[in-house]
Structures are given as structure tokens and as C-alpha cells.
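Have a look at these structures, which come just after this line.
In the two complexes that follow, subunit A is the common piece, with subunit B as its partner first and subunit C second.
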Partner chain A sequence: MLQATNLTKSYGDIEALKGLDMTVEGGDIYCLLGANGAGKTTTISLFLNFIEPDGGTASVCGLDVTREPLETKKLLAYIPEQVMLYGNLTALENLRYFAQLGGHDYSQEEYREFLHRVGLQSEAMDRRVKTYSKGMRQKVGVAIALAKQARALLLDEPTAGLDPKASNEFSELLLKLKADGAAILMATHDLFRAKETGTRIGIMREGRLVDELSTDEVSHADVEKIYLQHMHAGGHYAQEGAGSA
Partner chain B sequence: MIASIARKEFSEIVRDGRFKWTAGIMALLLLTALAAGYQKYSAHMDIQRLSQDQTNAQWLNQGDKNPHSGAHYGNYAFKPAGPLAFFDNGINNYAGTALFMEAHKQNFAVGRPATDQSSIGRFGDLSGAMILQLLMPLLIIFLGFTAFSGERESGTLRQVMSMGVSNRQLLWGKALGIGVAVLLVVGICALAGGVALSLADLSADNESLGARVALLSASYLLYGAVFLFLTLAVSAWAKTARTALMVLVGFWAFAGFLAPKAAVEISKAVHPTPAFGKWMADMRSHQMRGFDGVPPFVRFEQEAADIFAQYGASSVAELPVYVGALRLQKFEEYDFPVFEEHYGRLRDSYMNQRRLQDRVGIAAPTLPLRSLSMALSGTDLIRHINFADAAEAYRRDMVLKVNNYLATAASSFNTPGSGTFVADEAVFAMVPPFEFKSQGLGATLSEHAGNFIALLLWLCLSLALALWAVRRLSVEED
Partner chain C sequence: MKRIIISHETRQLFRSGAFRSLLVLIAGAIAFAAWSGQRSIDRQVEGANAAIAFEDSRRGRMRADTERYEAQVLAEGGEYQFASARHAPGAGPPQGTNAGAVGAETSKYLTMPATGLASFSIGQSDIQLNYVPVSMNPTMNITRNNELENPVNLMTGAFDIAFVVIFLLPIFVLAISYDLLSSEKERGTLAMILAHPISLRELMASKIIARAGVLLAGVLLLGLLALFAVGANLGSTDTWARFGLWMSATLVYTLFWFAMSVLVNVYGKNSAANGIALAGTWLALVVVVPTLVSLLATTIYPAPSRMELTTAAREAQTAAEKNYMARLDEYYYDHLEFVPEGDERAMDFLTVAMSNRNAIDKAVRPLYDEFQAQLNRQESLVQRFQFISPAIMMQLALNEISGTSADRYEHFLGQVYAFHEEWGEYFTVRFLQRYPLKPADYDQFPAFEYREEPFGTVLMRLLPSLLGMLVLLFGAILIPFLTLRRYQVATS
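For the complex of A and B:
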């Protein structure tokens, strides 16, 4: 579903991504872990064709995102860390606008149903979203993703800053989408939720995927231990990288 | 798709406080300007009609006298304001409204409203045209500068661009949404203009009114579209909304203030207007020495034999017509080419200035629009020249009629000492009242084809810029 092949990207002298290979299949929740600047957001931006890769390909359902930018985006749904909405429009109007941009149109009842499914109170749906909390905005973001009927989801730290209840509800929604066969790629710092919700975990460091785990084969403690090992090994890898350059 | 983008854009705009204030102020100014223009127009037309009637009555009731003296007594031509002068007063403030028509002299139109105004009048009239030319672009800029740059800053552009919508559709949708919001404001005022139009008594002054209104609307729509696409282009190109606003307001000031002033200065430097005193003295001395260098008195002596032959006469005594009237008419005609040359020179300098201004006008969309607006409103230089020409034709006909009448009626006055012929004032009725019929719209259009093309070129340029800017549209601020 989502596939990166030898994907590289530099910003000036800084190599953000150094030959990334990864695959996320339908029904997978692939959690990308890594420090800030490890290349997680760059990976997501490349799948969205917001930036051009310097080498390699990113593809969605077998379509190269640089050759078929509009087609591949129609298959994707994107939920950023901060879902940004139009403050002067209501949640329903925001949802309808984004759904129409994605090429879908539903009845007013169906839009309400989407917002209901993500747990937004009915009385909030007709309010302008400038009054919304972050959690409510993230819910609208998920509703937009649901309405888009996307085959693959790209989530960039979507639960950062959410309270535990909201974060938990978000995970529930992801599990439903997974059950429907969506391929989900989620950048996150939340090791606990990665183990709990994810099916696979990828650990990124300095633009490389340094480890991949299946969550059913490791415990919470293992995830944290392996993650920290990779982070501490940073100096060693960096020396190795400098030696080979 | 484009419709949903447009609808969202429109809803956002009209719910924003920015819109309520700018649209409110704009509508208020436009309505005030139209009301003031209408009031001014009505006053002008009332005075014009009244004065024309009065001068006609004076002409008819000037008493029993020699008919040629009647031609010296003369008549006035009063210029109608122009079919849409209440919208665009054009050069009416500077061009003169009354032209004295008398024997032997071609005169200037006098009575320039600008001479009665304080220095504040230099900033120009508050007119519907001025508001649309200067403030409509500003309204478009204020409503549109955040169209892309604002969404990029707030982060919504990232999400929008993740939906699989094409950049072009986004451009068309936004253009439509903002355009409808602007039309909402301007449309209300256009409606008010229409009401004013139907209230005004345009019977004396309404050549092809429908076509004029339609072409004016088209020109202003074109002009608005130019600023709309420029605004969207800059909004998509600029990294931040602040930059977009600064660039756009800078261009607005250039197009609305700097370019028109520069165009006038350049045209005056290239085609200088003759100095009035010298021009007048040149013309008078040219009259004295005769068009071809033969003074009128000498020329008449030279031509006398031929003139007598026309009547089969060999001497003044045998002439069946009054020789004094023949001489008066001949002298009149000897001056025609002199007037034509000198007035022609003056007009050529004005026309060349105007044409050069139009050519410079390619530098900013406000210039061709300004020209078109005046021309279509019937308040431009060409119409003024039409008026002066009509007055001159009327003057020549008036003088010819009285001289011809004098020639036949006073045929027995050829012997010296016959005294002065006096006619009943009823003879002055043979000269019909002055009525101005301008050249019509066709001539205006062919003269201003270049300005339409300039506006169209600007539209193409702004569209090309907008398409280029959205093609390289980036969701990132850096």
C-alpha cells in the first residue's frame, strides 16, 4: 500500500533521509519512532508529494507519488500534529469542504454521522471551530479522513498534546480503520501507544530506518529498551557514517 | 469542485470582520459619490438647458438691426455634461462649458468649473469612477491577499493540498469566491447607479446609453479581474501574507497614483502644449497677413473681378447683391484655413498627449481604464473637440445665413451713402437653435480600441502570473 524505495532527501547540506526502504500493508498500523529530526515528517511529506525526493520513489497502491500526485493524494488521508481548520466555518462546513476537495459529497446527515463516529457532540457540530479545543479539532481531522475513504493514512504525531482520554479514543478510531483494511503510517513519540495500537514499529535515526519490530513479539519494556539502545548508539553510528564518507 | 472552493472562500470572506468594514466603507463611498455625481449632473444639465434656451431667446429677440450686427451679437453654445457624466466627470472640470459664437472669430470654450474650486479640487472629484478605479482594487487586495499566503501561514494549505485537489482548481475557485464577494459590494452600488440613471432626464444627452453602460461595465469587470488575478498570483507567490500585502499595495499605489501622474508629465514633455499668448498672437497675425500671405483686403480686390463675373456684372453698381455682404462673407472664409491650422495645432498637441498617455498606459491597468471610462461616459477630450467642432460649424452656418440674407435683402445699398440696412428681428429665426449631437459611440470605440487591448493584455498577464504562481505553490513557508 505505502512503499518507500531507497528514498533520499536533502535540505542543503543536511541529509534528512538516507535511502529509506519501508512498506506498510493494508491492515497495518506502522508506528515510526525516532527523535525530532530523524526524518519522520520528511517521510510523510514525501508520500504527500509536498516535497520532491532527491532519489528513490514513494508509492501509494503502486502509484509513484511524483508521477501521479493527484491520484495518489486521493488515496491518502493526512492528519497533522495540529489539524488546522477554518475558524469562521463550523465543523460541518469544514468537513464538507475537505470532503468535496477530496472528491466526495455526502448528505448533511452523513456528515453528522462522520462527526458523531469520531465522538464530536452534536451541539458542537454547528459551532465555528475557532472555539474548539485541540482534541475537538483532531476529531474533525479524523472525520475528514473517514469521509475521504482513504486506503492509506499518514499521521504526523496526531495525539501529541491530547489528554489520555482523547488519545485513547483516537487509538480506538485507528483500530477501526485498521480493521477496515487501511494502511496506516503514524509518526509518534508515544512508545506506549505504539506498542498498544501499532502492528509494527520502525525506529528512525538520522534519516535511516535502523530497526523494525512486530509489536506482538515484544513487550512494552522491550520497545523502550530497544528504542533507547538505538538512541544511545547514535554516537557510534555517526562515527561509522563519518568514516565511510 | 470549483463551486465548493468558491463557496467556502465566499463564506469565509463575508464572515470575516475585514469584509464588513471594507465593504461597508466602500459601499458608503460609492453611494455618496454616485449621489454627488448625480446631483452635479442634474445641476449642470439644468443650467445647460436653461442657458441654451435663454441664449436662443436673446438671439431671436435682439431687436431690429443689421443682420451682420446680429452675427456680432452672437450666440452661445452650452455643452451637455455627457451621457454618463454623473458616473465619470472626465475632463469636464477643466474643459469649458460655454462657447461664444460670433462673426469673424473662432473662440474657446470658457467656464471651467475647476477655476471656481479651491486647491482641494486638485485631488479630483469624488466620483463613482474614481471610487471604482482606486478603491475597488484595494477592496480586492484586502479580501484576497491571504487567499494562499494566509492559508499557508495557518497551515490549512497543507491539508488542502493533501486532499488531491489541483492547484488550478484552487485558483479558479478562490477567484470565483472573492470575485462574487467584490461584486456583491459593487453590484449594490451599480444598482443604485441604475436607479439614478432612470431618475435622470437624459433626453438631451443619451446617445447609445445602453451600449455605453454595457461597455463601461465590461471595462470595469476586466479591470477588477486584472487586480483579482494579480492579487491571487502574489498571494500564492509570497511566502507570507505580510509580503503579499506589501507588494500588492505597492503596485496599487504605482498603478493608481504614480503611473497616471508620470504618463501626464511624459506626454507633456514629448508633445508640449503651445504657450497660449504666443499661440493667440500667431493666429491673429496670420489672419492679418492672410493664409497664403495675401492680406484679406488685397485678396478680395484680386478676386473681385471673378466674383462680379459670377453675377454677370462688371462693376459694383451692376451687382444684383450687396457688395458689403459679399466682402464680409469672403473675409470670413479667408479666415477658415487660418483657424483650422492654429486650432488644429493646439488640438494635435492635446490629442498626441492623450495618445501617448494611452501608450504609456500599458505600464499600469488604471491608465487604459481611465481613458475608456471617460470616453464611454462621454466626458473625454474627443467629445470636447466634437463639441467645439459642432459650435464652429454652427457659427459658420450662422454667419453665412445672415451674410447671405444681407446680400440679397440689401442689394440696393451698393451706392455709397445709402445708409445702413436694418432688418426686422424676425429674420434671426432663420438660424435654428444650437443643438449638440456628438459623433456617437463608433468613433469613440475606434479611437479607444488600443485601450481595450491594453486591458485585455493586462488580464492575460495577470492570469499567466497567477497560473505560474500556483504551479509552483509551496505548502511550506520557507
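For the complex of A and C:
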């Protein structure tokens, strides 16, 4: 579903990605772990064709994102760290606009149903989203992904800053999407959630994927141990990571 | 796909209070400009009508006198004579019988009719008066404007629709588009949108179409309302052809400013930087460059001051009066056919005055010709330099479209000069031949009718300005079109 082949990207002198190979299949929740600057956001931006790779390919359902940018974006949904919406529009209006941008159109009831499925209260749907908390906006982001009928989801630290309850609700939504067969790639710092909701974990360091784990084969403690081992193996990384973050 | 963005953007625009007040502001500005432009055209028409009425009534009185005189001659018998120095003051034939008196002491006012769109761009009409007096006198009166004009008005120019379109409309355009992409980027919605199957070009184009559509629909509609409100010559196809040209020029000029917004936005700077860059562009293209070009024109080709002209005319007059007898000889030497019989030559004051006028004309004419030539050189320099600023091109285009351009005025003056010759000749010949003017002759005085230029000539003169603006527009569109690929959607 989501596939990176020898993907490289540099910003000036800084090599952000050094030949990344990875695959996320439908029904997978692939959690990318790594310090800031490890290349997680770069990977997601490359899949979205927001930036052009220096080498290698990123493909969605077999389509190269640089050759078929519009086709691949029909298959993708993107939930950034902050789902940014039009503050002066209601959640329903925002959802309708983004769904239409994705080439879909639904009835008013169906839009309400999407928002209902992600757990937004009915009375909130007609409120302008500038009054929304981050958790509510992230839910609208998921509703947009649902309305778009996305085959693959790209999430960039979507739960950062959410309270544990909201974070848990968000994870529940991901599990539903996974059950529907979507391929989910999520960059996160939350080792606990990664083990809890993820099916696979990839650990990145300095632009390389240094390890891959299946979550059902390791315990919470293992995840943390392995992660820290990789971080320490970098030795000099602590300073470098802080510098480029 | 695009339609969704266009309607979304349009809705967003109308939800913004700033945009709504901007629309009200534009409507107010155009309404005031239409009123103010029309007022200055009305003042000219009133001035022309008053002058014509005054001169007509003077000639009318003269004619009435000749009618009474003719009746008297018929009743009492005797010869129908013309008034001259031989008759005692207050007795004998009235002045109206003397072609020299009628020709020299009354003027014929010639008017250049205002086009249906004149109030849209009144141009230089405050100094290029659209009605000029013609008499037997030398030409010097033609270019003299005796209208009293508020000097502040002359300095700032008029508040007409052209001013609103050239100066204010770009500000409105930039106000609603300076942060076209940067605001979406800063709000974070750009990444949300571009995660959908929308290209940056498509997004940009749709956002521009929404803004340009609303603004232009408003401005063109207001222009149409202004046309109806000023009660211009709505039945004439010329008016509608000119209005069509006005709409096209306004469209191109407005789109140019939208293109400037796009151009600045593709460099990916933040909204504040974009705003400053665009404000600077406006200042340079609309204020600084036109001022510099005008300064250049008046520095390279300084026009002699009107004071100099007046002084030269006075000197020539004094010189002429000093030796009018010699001049009179010289005059009759040139015009042997007019030498009267008998010995009334030296007695005839009007003949002397006539020769004086000719002498003054001869002395002053080169100065006036030079004055006019300098103005023409200034004008053609501005024509050549117009291509560096869309504001100059637009001003020239709007003057041309409104029929207030220097070239149309020149065309009118050409006819005025020709008519001046014809009018002067008519009275000079009859005067020098001592022909007594009869009431019926008053109907035979040369008549003036302004011949409008062919529309094709207007179009040809309009072409450089319009094409220049189109080239600038396409340039401003092409650059972002080619560089948009490199736009950074996400910051590293």
C-alpha cells in the first residue's frame, strides 16, 4: 500500500533521509519512532509529494507519488500534528469542503454520520471550529479521512499534546480504520501507544530505518529498551539531534 | 474541482468583515468619482454654453441693429452703408454693418463635444479647455485659458473614476490577495488542502478567480451604474464601444495587480513580507515612476512659461503700435487687393488695428508654436516611457477611451485653427472691401461642426497602451506559472 524504495532527501548539506526502504500493508498500523530530526516528517512529506525526493521512490498502491501526484492523493489522507481547519466554518462545513476537494460528495446526514462515528457531539458539529480543542480538531481530521475513503493514512504525531482520554479515543479510531483495511503510517513519540495500537514499529535514526519490530512479539518494556539502545548506539546523536531539531 | 475552491473562497471572502467594508469603500469611491467627474464636465459644458450664449446675444443685438437700419434705409431711401470713422459717433449705420467690428469684437466659441465616457477620465480637460473662442484676432487667444481654477485642484488632479481605477483599485486588489498562499500556509490549511488531489496551480488559479471575479463584477457593475447615473449619451453606439473598452482596460489592469500578488506569493515569504513587497511595488509603479517620467518630460522639454508668452505679446504690441504707419504700408504691400480707394487709408482705425494684430501675431506666433511643440514633445516622451509603468499606460488608455487624450484635443485644435482661418478670412475680406453687412449675411457666417475622429484611429492610438499592459500581465502570470513547482509546501 505505502512503499518507500531507497528514498533519499537532503536539505542543503543535511541528509534527512538516507535510502529508506519500508512497506506498510493494508490493515497495518506502522509506527515510526525516532528522535526529532530522524526523518519521520520528511518521510511523510515525501509520500504527500510536498517535497521532491533526491532519489528513490515513494509509492501509494503501486503509483509513484511524483509521477501521479493527484491520483495518489485521492488514496491518501493526512492528519498532521495539528489538524488545521477554517476557523470561521463549522465542523460540517469544513468536512464538506475537504470531502469535496477529495472528489466526494455526501448528503448532510452522511456528513453528520462521519462526525458522529469519530465521536464528535452533535451540538458541536454546527459550531465554528475556532472554538474547538485540539482533540476535537483531530477527530474532524479522522472524519475527513473517513469521508475521503482513504486507502492509506499518513499521521504526523497526531496525538502529541492530547490528554490521555482523547489520545485513547484517537487510537480507537485508528483501530477502526485498520479494521477497514487501511494502511496507516504514523510518526509518534508515544512508545506506549505505538505498542498498544501499532502492528509494527520502525525505529529511525539519522535518516535511516535502524530496526523494525512486530508489536505482538515484544512487550512494552522491550519496546522502550530497544528504542533506547538504538538511541544510545548513535552516541554522538544526542548533540546532533538537538541541533537539527 | 476548481469550482469547489472558487465557491469556498467566495464564501470565505463574504464572511470577512474587512472584505465587505472594502466593497462598500469601493462603491463609495466610484460613486463619488462619478459625481466629481461629471461635475467637472458639467462645469465645462455650462461654461461653454454661457460663453456661446453671451457671444450669440452680442451678435444678435448687432443683427437686430442692422435689421432696424435696413428697415430705416428702405423707408427713408438712401444707400445701405457700413459704419466707419466717417460717421459721427452715435449716428449713421450701426456697428453691425461693419464686418471688421463684428469679426473682431465678437467671438465664435467652438466646442469639442464630450464623449459619453468623458466623466470617467476627465484627463487634462481642466487645462485643455474644450471650448475656445475664435475671432478675427490672431490665434493667440486660442490656447489661452482664462478659466479660474483652484491651484490645488490642478496639482492633485481630479477625483474621477480613472483615479479610482488607477490608484485605489490596486490597493483593494492587493488587500484581498497579498496573503493568497502565505495565509493558508501560516494557518496550516495549505498542507490540509494539498493532501487532496489539488495542484498548487489549480489552487492558486481558483483563489484568484474567486477574488478577481467578485471584485471585477463589483467594479464593472458600478461602472455601468455610473454610466447610467451621469446620464451620458446612452443611445449612441460610440458610448457603448467606449464603455466596452473601459471594461477591457480595467479588466487587464486589475488582473495585472492580481498577477503581482501571485508573483510575490510564490516566493514563499510570510504574509508581512508579501504585504511590504506589494506595497512597495504599488508605490513604485503607481506613484514614483509616473512622477519621474513626468519630471523627465518637463526637464528635457521645458515649456516656456505663460508669463514669457504674455510679455512677448506685449512687447510685440508696443513695437507694432510705435510704427503702425510703416506696418500699414507693409500690410497693404502684402495685400494689394485690399487697398481702399480714396484717401481714407490713414483714417481707418480698424484697418490700422488689423495690421497691428497681424504684426503681433507674426511676432508671437513662433513662441506659441514652440510652446505647443514642447508640449507635444513632452507628450510623446510620456508615450514612449509609458511601458515601464502600468499606471501610465492605464492613464493614457483611459484618457483615450474617454476622449480626453492630448491627441483628440490636438485633432480638435487642428479643426479650430482651420476654422479660425475661414472665420477670419470671411470678415477680413468683407471688412477690407468695405462690404456693408446685411442682416441676411448673419445667416451665412461660416459654421463650425466638430468632425469626430474615426473610431479606428482611437483604437490604433489605444493599442500600444493596451498591448503593453497585456504583455506585462502575461509576464506577471508566466513567471509564477514556471516557478510554482519549487514552492515549499511544508517547511523542513
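Quick note on the criterion: the second predicted complex is superposed on the first by the 235 of 245 C-alpha atoms of A that agree within 3 Å, B and C clash if a C-alpha of one lies under 4 Å from a C-alpha of the other, contacts with A are read in each partner's own complex, and residues count from 1 in each chain.
Keep in mind that, in the parts below, a residue touches a chain if its C-beta (ideal position, glycine included) is under 8 Å from a C-beta of that chain, and two chains touch if they have at least 3 such contacts.
This is a predicted model, so every value here is computed, not measured.
Undergrad: Looking at A:L95, would you say it contacts subunit B, subunit C, both, or neither? Reply first, second, both or neither.
TA: After superposing on A, A:L95 lies clear of both subunit B and subunit C.
Undergrad: Quick check on the superposed pair: does A:A4 touch subunit B, subunit C, both, or neither? Answer first, second, both or neither.
TA: So A:A4 meets neither subunit B nor subunit C here.
Undergrad: Pick one for A:C31: touches subunit B only (first), subunit C only (second), both, or neither.
TA: neither
Undergrad: Does the superposition put A:A16 against subunit B (first), subunit C (second), both, or neither?
TA: Second partner only, subunit C.
Undergrad: Let me test your reading of the model: by the given contact rule, A:V223 touches which partner, first (subunit B), second (subunit C), both or neither?
TA: neither
Undergrad: So, does A:T42 touch the first partner subunit B, the second partner subunit C, both, or neither?
TA: It touches subunit C, and subunit B stays clear.
Undergrad: Output the subunit A positions appearing in both contact lists, the one against subunit B and the one against subunit C.
TA: Touching subunit B in the first complex and subunit C in the second, residues 48, 50-51, 70-71, 73-74, 76-78, 80, 82-86, 88, 97-98, 100-103, 148, 154 of subunit A appear in both lists.
Undergrad: Once bound in the complex, which stretches of subunit C touch subunit A?
TA: 1, 4-5, 8, 12, 15, 187-189, 191-199, 488-490, 492
Undergrad: Quick check on the complex: what are the subunit B residues that touch subunit A?
TA: 1, 4-5, 8, 11-12, 15-16, 154-156, 158-166, 475-476
Undergrad: Which part of subunit A faces subunit B closely enough to touch in the complex?
TA: 48, 50-51, 70-74, 76-78, 80, 82-86, 88-89, 93, 96-98, 100-103, 128, 141, 144, 148, 154
Undergrad: Can you list the residues on subunit A that touch subunit C in the complex?
TA: Touch list, subunit A to subunit C: 11, 16, 41-42, 45, 48, 50-51, 69-71, 73-74, 76-78, 80, 82-86, 88, 97-98, 100-103, 148, 154.
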